[in-house]
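I've put the structures underneath this note.
Same chain, two partners: subunit A is paired with subunit B first, then with subunit C.
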Partner chain A sequence: MLDDHNIKLDKENAAPLGGQRFLLVLRKLYSRPASALGTSIFIIFIFLAVFGPLVTPYTATEQISNAALQSPSADHWFGTDNLGRDVFSRVIVGAREILLLAGLGTLLSVIFGTSLGLLSGYRGGWFDETLMRFFDSLLALPAMLLALLLLGTLGPSTNSILIVLVVVYTPIVARVTRSVVLDVKNKAYVEAARLQGESTSRIIFGEILPPVLPTLAVESALRFSYAIFLVAALGFLGIGVQPPNPNWGLMVKETRNFVSQSPWALYSPVIAISITIIGVNLMADGLKQLLESGDR
Partner chain B sequence: MERIDYRFKKAWIFILLPLLLVPAILTAGCAGSTSDTDSAPEGVFKVAMQPIVQTDPAFIASDSEVLVANHVYDYLVDIDPNNIIIPRLAQEWTVSDDGLTYTFTLAEGVTFHDGSPFSAQDVVWTYNRLRDPDLGLPTQDLYSNITEVQVTDDLEVTFTLENPNPFFLYDLSDNHALMLKAGTEDASTNFNGTGSFKVTQYLAEDRIIMEANPEYFIDGQPKLAGLEVIFFNDEAAAVDALRGGQVDLALRMSTELFISLQNAPNIVTTNIPTNGFDLVRLRSDRAPGDDPRVIQALKLATDREAILQLVQQGYGAVGRDSPIGPLYTAYYSEETAMPERDVEAARQLLSDAGYPEGLKMDLHVPDSGGRPNLAVVLKEQWVDAGIDVNVVVEPESVYYGDDGWLEVDLGITGWGSRPYPQFYPDVMLRCDAIWNESHFCDQEFDSLASLAGSTLDEAERVEAYREMQRILIERGPVIVPYFFAQYAAINDGFQGFELKAFAGRTDFRQLSPGQ
Partner chain C sequence: MAAFREHKNPILNVEHLTAAYRQGNDSHDAVRDVSLKVYPGETLGLVGESGSGKTTLLLAIMRYLPPAGFLRAGTIELDGQDLCSLSDSEIRQVWGKQIALVPQDPQSSLNPSMRVGDQLTEALDLAQTSAKSRAIELLEAVHIKDPERVADSYPHQISGGMQQRVLIAMALSTDPALLVLDEPTTNLDVTTQAEILELIREQVRARGTTALYVTHNLGVVAKLCDRVAVMYAGELVESADTVRLYRTPLHPYTQGLLDSVPIIGETKSSVRLRAIQGQIPPIDEHPPGCIFAPRCPIAIDICMEQPPLYVVDSGRRTQCHRWETLQTGEVSARQMSPAISQPAQKHVAGAPVITLESLKVHFPLKRSLRETISRSPAEVVKAVDGVSGEVSRGDTLGLVGESGSGKTTLARAVMGLVDTTGGDMTLISAALPSGLPGRDLDTLRSLQMVFQDPDGALNPYLTIGESLRRPFISLLGLSRFQADAEAKKLLSAVHLPENFTRRLPDQLSGGEKQRVAIARAFATNPDLLICDEPVSSLDVSVQASILNLLNQLKVANQSGMIFISHDLAVVGYLADRIAVMYSGKLMEVGDSEDLFEPPYHPYTEALISAIPQMDPEAEQEHIPLGETLQSPSTTPGGCPFHSRCPRFLGNICIQVTPPWKATSTGKRIYCHIPLDELGYSQTRRLDLHHGSQDR
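Let's look at the complex of A and B:
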């Protein structure tokens, strides 16, 4: 199935490698309105996260004197919060904070999850059994409960949140990877590689990993959107990143009591969270459809 | 039952109506009040408050713990909203000329919830427990001045003091001094008080349900049939519950929540000035706080006026780094000038103290009231002077748990309002104070505090408090940025509510349903 998909791609593009392949995926994502929107949102937020803090009029923590709870104006596009901080600057810097934290957490989970999933699926036996039952036990706990337990033990800090993301999402990525590996590892070409005497690592990374990658891309995108949500939720609960960090969830917590006086300070981070998550989800959906249409 | 009772009442009124008509018209006002005091308690009042942890009166500390205990038990003497001592279980008292002997006459016919009578024996037992050096209860220091508590008659108790204490009656009404039955073994679980409400169910971390005590010694009180304290960890959730009608009263909320409740339908808001404050304190018995230049640098880097505006929205009063606030009109002094904010001077002091690169510290703060905001504003103000604090927001249970708040170097602690100022130096600023969180120890301050707490000469006391304020401004390891107002919001379907500066001492004995 998946190798057929590769062949099909080969037919459409003589050299589907590196940048060209990326552009091809991008072009396909832009061929559907929903995924085009999602991808655009995602790219815009990445752009804001990278370059935004260079152009924000204020720093995220600067308390402008006599400017608390102001309405949106030319000076303060999204108004100011209760401590006189520019909400626009906080939302932009917050984009970097949250995308970086969620992105890094997702990346680490995907790396660990993929490695463990590949190994577990390919080797099977007691190793597979032990690891999967352990992961099952982690998956049995709701993500938020697991996060609370871990943060309660580790104490709130950026590193603890990274650990939480890795512990919560590695099992999920590993399971998804393993399921694809189980499908692929008995294919004829894997069998052939094994008979040729190729090393285990060569078989895993050279033969099994490539067909896993598309599924992994979809899974990563989904995990990323959940990670954004989790980081924001922990911030909101006050057990994630500590003030005065412009974490969107923490901003919601800090400004929600002032909703009657300065709704913009509350709604700005709320809208930012919603748009980012919707964007990433639409993109993940597009990737999934791309993958499925490729299969057919 | 109710219906029969009602019918009986109706018939009774019907027969007597013609007879009563003339006098009733003549004394229309009286008829109303008579029926008021005779009416059976009605209505259940639901209060939203922080969860309680301690239920033994000797250990209670938080507003919610005091609030619950104040309804289950009674104080010997009480304090009214104007900070004046009023009778409670003690009906009257006399003080000897030398100020060393206090004799109290107790109310008659008082019974505990288990039916046993209350007597002088119970008062003696309770105060002996609170001051017993072997038990080491939090009140031990407070009552160390008592040499003897004696039963002088069945309903008469005599206290003998070592030194005169002008605030002794206030001390007797300390939050912990609730009368237990003599010989009580486990005061944290049996809830056997003389108070206006009986505990029917205590669901830890959920709620405590109480019903009116029909045998309560004050006629016509309580007016409510039941009282429920429902526990909320989150102030905003408590206020939402009030808006939604699940609770009838929210106490102790942040200023922003209070502002948001203005003009809310069916809710009446009230606020009163207090001497409550947030204390920013630095441990002064170890580095970096053991160098007086470090605390001076922190003080110079702080802009108290800006903090009041940002954190308290301008409600309350600016602090002067001393717990003696403007509410104590007789003792508050502005004689010692507060130094202007000067970040360069602060930076220089830090450099002289051996921190030319600035100072990095964790600032521990409980997640309640405006304290996290205070921490964030301080972080921003202090960073100008090279003091880089890392704000660590903790739930109150973590901040106060295992006495962690007494250990950390830099922290913010909320202090409730007290009826007289002597409490603060005695409990948190003297060398041997039980909650000396800043580990401050200054001989001059201590001797002034002793003088203020013992002299019967008012002018001498005023002078001592003034000097203590000077010392704290000059070298106390504490910053008091503001004094806050106390807020409450109540369902407008109840009347007779009177908020007290220490919210936990607010009592509902006079509260009844009705507009």
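Let's look at the complex of A and C:
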């Protein structure tokens, strides 16, 4: 209908490449208030995770024997917990713990999910059918139930949590990837590549993967926020990482009995969880809008 | 026509209308200072290419601009009523009752969950029983054969042509003051288009409806419209009554448009098809002076100043400084614009590049569970059913037919994108295996394809350079560095600047994308190139240059070419030989010079008669074909065309497979009717009705 309303990109400029394209995306994200906020939160937390432990006044497990359940003060910004540990330091160090674990889990599931989704969508046939039915059966179980089952079998450890994240999120990423692949694989440019005698791997990674990437970026950001949530939840249930690790979920579990005496020891990690997840979600939302408006 | 003007007030009076779109904090004018009047009982054609602002103007007139659009200046009066001052709820009262729209895409314009009859009368506010009979009346008026059944059908149960009939009935049901038709036949087959145009013409004349017809197709305008307004880049550059506009266009853009469309019967050896150089300026760029000057072959110094709308006489306006010299014929954009292709020598065909021997492609239909268990044989769609033929080196075979006739499937079978069911293919001298996996790299190199949709043919995430380098690397084994140099050479071969290698397809226009796709297809010097409707999604001014480019590269490479199109005029222009396909079978094969000379197959005859001619004075008789192409799965024995054939003989056509007959000029026709008889009756029809086709 609106063929007349054909607004051209800057025609004189060459296509932005690599790092230039990354900066472009970043600038676009900062053009909307909501996604700017989300992106800022995300960047701040990444910054804290990388450099935070270098600047915290105490270590995460250091007990100040005479200072249990203290209110916030100049010495202890967020107060201390029931064992006399500095809550501020624990939240900062906890950021590294949780972002690293959730990030690694997301990365692995995105790698596995994308590969399987690409292969399954492009090959089709019995391979696709079998894999998707298997993934359907995994998706039929609630994530938490699946996590409990796995951790019950594997025993609680950091590696087990990584496995849980991969098992829970790989099917979702694979399904999203596959749905884009099904759309892309019948495009004329894929047929043109086949007519040029390109190998299957070259077609999958050279022709089909690039159009999948934007969707994948949004999906990864969303998976990341769910992964943070899941890691924290498992910590809270006591079957994830074990004390004295400063996992935010674990911190909530340990301090909730003392909420009447020192609420900040409870609320600090809770707020940290909320802010991180809201931030990542806002950023994912911004990425999605960027994608839908047709800009890359 | 002048008679309307002297006595009556215009139904639609648009003055100095400027419509713009907001974009961020900016806004860009998509329609600038347009004035037009539509008088009672006349049909005004609004012509322009994509980007000309015709759709925006239409929406602005209807007060139906999208949220980003707004009116910056001007007035719109409908039947004396000022539309600009109406509130949103008041304008809703105008829609449907005073302005009715027949939209471009019938499928998405009908509610899929409502029966046709109910939708028809929804706006009329009638009681249940009278609504039903009114719906049937309305359907009868648009010549739908069994209106009861159609009224009770859902939109997806009726054909596209039928859907468009329903929409026309719906638009006319309220007896609107102004009927707006927005490219109503663009998505339809040429045979269906002819029927819909016939219907529109008849309805508009019979009811004395005032109509505004928006289209890019100049043939349609010639057939339907009393007056024509030509739009370019948001400005109305010329308006005149149809006959005078076609005879002596007074704006170089109009001249260019008329010259860039091939007329039926013209071939590349008889006429040079001219393209308009350059492209329409984007909405946010407004060059100073005449908007067309950068592309105009006769632009002079004065053209750097904005031309006023010159009044030639009472019915003619043109926005060209040099209209007087155009009128006297002192200058003409036609002589000045460079002819891109030289008239070709009558070529001598070389050895065959591809030979097909009773090629068959059948697709099994999905079987129900019961059928699968009972192992009943699967029903098949015979998309290609026994096609034989050959294409020689340096030769272009045009393949025409309605949609669903199997042209694309045939092309894909040759390319190896679908597997064949039977028959043999020979490439040069070796057997060509069915399907891609059995073909070696050299076979792939010698077969290439240009796709219909330039947007889909290039990966939007890869730069042009990346797309163009691939065939050199994968098929010819060049290094990346060598491939890069070759890619740049290719770009200049298709008249594009070398720095395009760094751009993404998004940054190219449709015509430029198609040039890149053509460049890629020619990269490996193919022996056979298949073009599947390469120009059908392009504007006419671009179409001509693409056709010329294809021909030029084909000649330079000495490749064979199969050119698929539904547009007989385009095929007739470009091809050396033409095959007409219907329901998976060839109906007629012959040299393109002979195609438009009787005798021809009755199907070809109907196809030719369906093309709207570029001459408003031509009396053209249209041979109706009835229902659209039936599903090839139910193709009966005998001649596949018998159920729609206007020259149907009787049982012989149903039961006996027709023979191939050759005419004296070497044209072969698949029909029972003796050729001299066929030729005699077709020549008579031509003599009776053929108008002049001179330029």
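General remarks:
We take it that the second predicted complex is superposed on the first by the 280 of 296 C-alpha atoms of A that agree within 3 Å, B and C clash if a C-alpha of one lies under 4 Å from a C-alpha of the other, contacts with A are read in each partner's own complex, and residues count from 1 in each chain.
We adopt the following convention: contacts are C-beta pairs under 8 Å (C-beta built on N, C-alpha and C of every residue); 3 or more make two chains touch, one makes a residue touch a chain.
Source: prediction; values computed, not measured.
Touch criterion not met for A:Gly125: it reaches neither subunit B nor subunit C. By the touch criterion defined above, A:Ala192 lies against subunit C but remains apart from subunit B after alignment on the C-alpha atoms of chain A. Comparing subunit C and subunit B on the residues of subunit A they touch gives the larger count to C.
With both structures placed on the common chain, the touch criterion links A:Arg202 to subunit C but leaves subunit B unconnected.
By the touch criterion stated above, A:Pro211 is placed in contact with subunit C alone, subunit B being left untouched. Residue overlap on subunit A between its contacts with subunit B in one complex and with subunit C in the other: absent. Those residues of subunit B that touch subunit A in the shared complex are 236, 254, 256-257, 259-260, 306, 309-310, 367, 372-373, 375-377, 379-380, 390-393.
For subunit A in complex with subunit B, the residues that touch the partner chain are 61-63, 65, 68, 82-84, 156, 238, 242-244, 254, 256-261. Residues 1-11, 13-15, 187-189, 191-198, 202, 206-207, 210-211, 213, 296 of subunit A touch subunit C in their complex.
Remark: subunit C residues 21, 23, 28, 30, 50-56, 66, 68-69, 104, 282-284, 415-417, 436, 441, 444-445, 447-449, 451-453, 456-463, 467, 470-471, 474-475, 499, 502-504, 506-507, 517, 520, 524 touch subunit A in the complex.
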